[in-house]
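What follows is a structure written as structure tokens; I'll ask about it next.
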Amino acid sequence: MPYIHLRLAGELSREQKKQIVEEFTATMERVANKPREYVIVNIEETKEENWGWGGAMLDEV
Amino acid sequence: MPYIHLRLAGELSREQKKQIVEEFTATMERVANKPREYVIVNIEETKEENWGWGGAMLDEV
Amino acid sequence: MPYIHLRLAGELSREQKKQIVEEFTATMERVANKPREYVIVNIEETKEENWGWGGAMLDEV
Amino acid sequence: MPYIHLRLAGELSREQKKQIVEEFTATMERVANKPREYVIVNIEETKEENWGWGGAMLDEV
Amino acid sequence: MPYIHLRLAGELSREQKKQIVEEFTATMERVANKPREYVIVNIEETKEENWGWGGAMLDEV
Amino acid sequence: MPYIHLRLAGELSREQKKQIVEEFTATMERVANKPREYVIVNIEETKEENWGWGGAMLDEV
């Protein structure tokens, strides 16, 4: 039951999301021996201005 | 201090959210003996196209 | 694809976990009309000393 | 690699976000001895009606 | 700033973790055009008995 | 209802946890105008070997 949560700044196209889901799932199947029907991926697209890194706002770095 | 995070594809009506909060809280109180004033529920409604399952996009399954 | 993550201070018996899984799943099925085979519950048991509330440590409140 | 996720009901101004990022990062650096370039902060602004507390909806409390 | 959180039932060897980190990072770089030095992966290994699926405990399915 | 989840590699002393809880709470109160009795902090201490950054394992960087 691997649950993968990807949180990133900005947006992805549907094509990118699909590719990410396929590749993450393939990695879990091949490397961790998890049946693919158990692998769940959730993508969370967020605003850049909601991230800080090293004490600064990500969109000002 | 039970913190319950529900992440789901799609949206819920206010009535559904209210009912879920009530039932989850009642479960924690009755089954886990937690005082209800400590139980927090947070609901996150997400787009279906942001989920993958078994390597496929949830809205194509 | 409802994914429910319960994070709480302390531990639960297997019987309690089982009951929580059953009740949370039933709530999602009945209230949110989600097929039960899509409902995932994950329970995270944590140390009390890793929680703060209102600025104080939970185990000192 | 401290990763701080702040989830709150309502919205914050950019100025507030910036201040929070600065202070959380400073705390991690000073108290936990973590290099500031490793400290990541992510802020998630959510609707009040998606929170329950003590069995009631947060916006009805 | 993609942050990937993998939560799974059971444990992984160090070699598996390393391979997963490499592959997830490569996917983010190639598919989402994210600089690899921004990609963070966190793996959380959990007990099987803390998962429910479809209303049953994962280790009884 | 600000909920702050801090996930970090390594462990903290009780004194450090207490100080972090106090400072994070004070920041939320002063900067975001949140009543302190609503501020929850949860600290998750994890193994260094469960983190990847830039495609490498954190404990090999």
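A, B, C, D, E and F are the chain letters, set down in written order, and residue numbers restart from 1 in every chain.
Keep this in mind: a contact is a pair of C-beta atoms (placed from the backbone, for glycine too) under 8 Å apart; a residue touches a chain by one contact, two chains touch by 3 or more.
Just so we're clear, the structure is a prediction, and the values are computed from it rather than from any experiment.
Any chain that touches chain A and also touches chain E is listed here: C, D. Looking at B-F alongside C-F, one finds more C-beta pairs in contact between the chains of C-F.
Interface note: chain B and chain C, two copies of one sequence, contact each other through mostly matching residue numbers (shared numbers exceed half of all numbers used). The geometric centre of chain A is 22 Å away from that of chain F, both derived from CA atoms.
Our note on geometry: chain D versus chain E, Cα centroid distance of 24 Å, whole angstroms. The set of chain B residues touching two or more other chains comprises 1, 3, 7, 20, 24, 40, 42, 51, 53. If touching chains are joined by edges, the resulting network of the protein chains shown has some other shape, matching none of path, cycle, star or complete graph. Contact between chains, using the touch rule, shows up for A-B, A-C, A-D, A-E, B-C, B-D, B-F, C-E, C-F, D-E, D-F, E-F. Interface residues of chain D, counted against chain A in their complex, comprise 14, 17-18, 20-22, 24-26, 29, 36-45.
Taken together, the chain C residues at the contact with chain F in this complex read 7, 46, 49-57. Here chain B touches chain C in the complex through residues 1-9, 12, 16, 19-20, 23-24, 27-28, 31-32, 34, 51, 53, 58, going by the rule given at the top. On chain E, the positions that touch chain D within their shared complex are 1, 3, 40, 42.
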